[in-house]
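You will see two complexes here that share subunit A, one where it goes with subunit B and one where it goes with subunit C.
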Partner chain A sequence: MSNSRSVGGASAARERINQEGNASDPLDKLAASTVSGLDTLGKIAIFGFGMFADLPFVVRHYFSEAIRQAGILVVSSSVVLWVFTLTIGLEAALLAHYILGNVGAQDYAGMFIAFAVMQATSASTFGWIFAAKVGCGYAAELGTMRITEEVDALRVMGMHPRAYLAGTRLLACLLAVPFIFVVTLTMMLAGGWVMAVQILGTTSSGGFLDVLWTFMTPLDVLLALVWSMATVVAIVVVSCYFGYNASGGPVGVGTNTARSMALNLIVASAFTGLFYQVFFGMNVAFPIAN
Partner chain B sequence: MRVRQVDQREQGARGISRRGVGGVPEPVRSIVVQVGEIIQLAARVLHSALRYPRGYWRDVVDECYVLVKKGLVPSFATVGFFTFVVSAGAYGILSRLGAEHLMAQFTLTISIREVVAFMAAMVVAGIMGTAITADLGSRVIREEISAFRVLGLDAERLLVVPKMLALVVMTALLAVVSVAAVVACGALVGTVAGDVSFAAYWDSLLRNITAPDLVNLAVKTALMGFVIGVVHSYKGLNVSAGPEAVGRAVNQSVVITFIGIFIVNLGMNAFSLAMYPDMNVLR
Partner chain C sequence: MSTNSGFGDGNTLPLGRSSGTSTVHRGELDRERNVSVRDLRKSFGDATVMNGLTLEFEDNAVTTVLGPSGTGKSVLLKHIVGLLEPDSGRVDVFGKNIWSMNENARAEMRKRFGVLFQDGALFGSMNVFDNVAFPLRKHTEMMEEDVRDVVWNSLREVGLEAAANREPGALSGGMRKRAGFARALVMQPEVVMFDEPDSGLDPVRTSLLNDLILQVHEQHQGTYILVTHDIETARKVSDYVALVWQGTVIHYGPTAEAFESDDPFVQQFLTGSSAGPLGMD
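Coming up: the complex of A and B.
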């Protein structure tokens, strides 16, 4: 029911299927839900391409709004992202202490941190927290504007609502998130250092840093940056789509926020698996035993 | 009686802010007041559910069904993909050391102790928690909660208690079932992509999986479900005015829930590692 409210084409497809076959047949139900899911994905893709096609227009006409959105992003969201990723670094060092301690390789805690931060968790955890803090916020904001008919008002005033609301947010993320993400990496490594050196005493500070810089390459930082930016762009597109196409009052906004969050979690995780295989395959890029 | 209690609570909060701790800066004070009110809500709901444990179980079952229907696929997907990456990394590191047949140990330790609980709670918070906040918030805006009060009904018992119990039960169950995704993805990485025989993987798995690990996971995620329910219900019931406030409440409650989930995770891990040091031994 919630699908048919926000996705018009899917409901038409479902009605067609219902007319042709028996609606209570589970196979038909499965087919209908598959069709509506694919329909939503296609609409999100079209919306995302539209956002990218709007970018030159945004740069020419709404650049100040994009800068304002970037400022909001930095001021209100960056601290939350940094604190959470600091705790991820703490957790990674805790695991390194126990796992490497069991095989007598505590001196190599830095290796574990370098792998865990650079190659495995930075982009995915950043993506989850970004989806929760920023993505949910965008979906709720745009959804509220839609149900209070501010989007229609923008159109009446002769503005381009999708470029002004979604395009500026995308441009703001493209401008600000790389810098936020680089600080995020620093916070993760700092969290690992604090837990391993200061709290648990796994290894000495010099030993930790020596191993860390040995096992971390500039290429890793670049790949993590590409990876996280792809995740962030997907999250912004999904949450802007669900916010921009909200309907059905405050409850509809809540439902669409929840749906965007669910899809964002899946997208961030799927990107994690995909990019890990693309960048690293089954090999860990370590300068030992190669 | 409920009306009187709520009025007393509001008066108390206002009185305190006027008199005793007026010198405390506003941001700190509002955080402390919010945390206190969340704990009060938790105590009231627990008292209501445990003192009169009848009449709401049908609603609990309904909520559980909704949660399974919406949460199973995202929960399996997030846990599965992340375990895939973790296992691939563990396989990479261990094959450098010539001990790739031990990879199940790493997969299990990292997944069961840290990742699965966090992911299941995140999925439940993202899907059901946001829906609860939006639902309760829009009821407040349409003054349905006030109508409950006028009719002499206890809105917290009717609306919050079933959802909270469903969250407690289903977060734990989703997390425990997601362990299947962990085992499957680890096997996929080790045997199909990697060079470990399935027998070696299975042997390492069965020697390293322990009952305290799973009990810790279940208890931890049940606590996380409770935190999710309380925070999202509190934020929904305390929406100020206007549809804009609902969106803001959803956003804030997700952030607060994440902080709560992390605190529960760290606390339970420290507790269980201290109680069962055997969980750490490589076998």
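Coming up: the complex of A and C.
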């Protein structure tokens, strides 16, 4: 297999360090795993830059494949995201009904939905589900193609495998995710509305929407979209990296899929901490960071 | 692609096809060949696989590469098409060192190649028909109608018409091989490399496939490199035989000469005998 950027490069670094110091020394072990971790992160970054550098080529030569991938994304993954987020909207409104009801503030159910759902939950949940559903799929798919020599076969046919496999998936996500995310957000808000207005009668429809739009602006939607797009790009890069560089047969594909899942969950969580603070933490109407 | 049924007449050919297509003689070894490998060295970790291998493949001839399992035949093919970069040595294709060109130039160069991988390497997400059509759709401006004609024709040649709509996962090993064979030849490449086209095939199909190789080669010419473990295939199909062992070439020459050789390695390998210098290691 022509696996020049093997993930195993990290283990070489570990080995080097093990040879220099006493392998059983915990400090050395820590140093070794730090080096190999950074090594992998560096390789992922280089791979990611490569994927972006390939995009013009993808647009020119593999656009139809990118569209096909976008179609697969919408058909096979969006329903999971939508159903899941609808449930979250329903639950949040249920919570709002009883918490706010206790203090006689039912009319503010819309505020609850704006802060708890729109700002705190929409993009972060989107990232986690996307990592599980789409990220793992990409890692396993590309990993299998790698070990069955399909990647080599593509290259032998004069194709650019990284552009054709990873680049088209990145482009597909850039094209389809804004749409999927906006629908996802709509599902969450609709879930809140259904529960608060239709099922529990917490407040009136007009009241709910009025309060909702008092605490939520179109700019918030845009910020949540930016946040979710950043998360999705990171997830696609990580998953494609681990899939494309899989080696060592079916076991290797499994290992790399699990690794990509773990890293993607960390990335989605870290982005949540970062973007929540930066985008919504300074909100004077509802100060979290102050 | 031929219009002939291909798998039709299984008549045997004279030993080594010495009367055949090759007009090149061994004396002119300094002439530039389409495919040549010089002093190739490659190690994976501390396992040395290519150990100074040098081989100039005859143009427009079928060369079989024989050698014990695990000796580096597949690795050699991957070097020729630029999937593996040698530690040292060079691979020249159409007169150019493939590692002194950029990746785009290599991609262009590869479009003149047809490769059948040892395990077929069919795309699991497409059915057999789309697999064979893939190179045509990606690299030619052919109308879909013409693509269909060409693909049906090559599927007929390898006897896979009935399986055209099946996914690779639902095929037997031999069927995957035949589909990979059709895909490798569909662009009428100038250099063709088959990694064990005959493994996993029954004796009759092996024989028919050999006829097909000869027939396609006769029609389109080109440099054919064939890795096989089947001595009969080597005898029947090839103009030249290269015997590879432990990362070097221990014999290279016209087929008839190889089969008459009194070198103990060559003799043992070509007779498939357990007695001789070759062992399990």
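A few points about this structure:
Going forward, the second predicted complex is superposed on the first by the 274 of 290 C-alpha atoms of A that agree within 3 Å, B and C clash if a C-alpha of one lies under 4 Å from a C-alpha of the other, contacts with A are read in each partner's own complex, and residues count from 1 in each chain.
Please note the rule applied: contacts are C-beta pairs under 8 Å (C-beta built on N, C-alpha and C of every residue); 3 or more make two chains touch, one makes a residue touch a chain.
Given the structure is predicted, the values throughout are model-derived calculations rather than measurements.
By the touch criterion defined above, A:253 reaches subunit B but does not reach subunit C. Contacts of A:269 after superposition: subunit B is touched, whereas subunit C is not reached. By the document's definition of touching, neither partner reaches A:225: not subunit B, not subunit C. Look at A:182: by the touch rule set out above, it reaches neither subunit B nor subunit C. In the overlay built on the shared chain, the residue A:160 is in contact with subunit C alone; subunit B does not reach it.
In the superposed three-chain model, the partner touching more residues of subunit A is B, compared with the other of subunit B and subunit C. When the shared chain is aligned, subunit B and subunit C each come close enough to touch A:144.
Residue contacts after overlaying the shared chain place A:261 against subunit B, while subunit C stays out of touching range. Of the two partner chains placed by the overlay, only subunit C lies in contact with A:152; subunit B stays clear of it. On subunit A, the patch touched by subunit B and the patch touched by subunit C overlap at residues 144, 148.
Residue ranges of subunit A in contact with subunit C, taken from their complex: 2, 4, 144-145, 148-150, 152-153, 155-160. By the touch criterion stated above, subunit A contacts subunit B in their complex at residues 80, 84, 87, 91, 94-95, 98-99, 101-103, 111, 115-116, 119-120, 124, 128-129, 131-133, 136-137, 140-141, 143-144, 147-148, 249-251, 253-255, 257-258, 261-262, 264-266, 268-270, 272-273, 276-277, 280, 282-284, 286, 288-289. Listing the residues of subunit B that touch subunit A in their complex gives 70, 73-74, 77-78, 80-82, 84-86, 88-89, 91-93, 96-97, 106, 109-110, 113-114, 122-123, 126-128, 130-131, 133-135, 137-138, 141, 189, 193-194, 243-244, 246-248, 250-251, 254-255, 258, 262, 266, 269, 273, 280-282. Only residues 78, 81, 83-85, 103, 107-111, 113, 115, 117, 119, 121-124, 134-135, 138-139 of subunit C touch subunit A when the two sit together in their complex.
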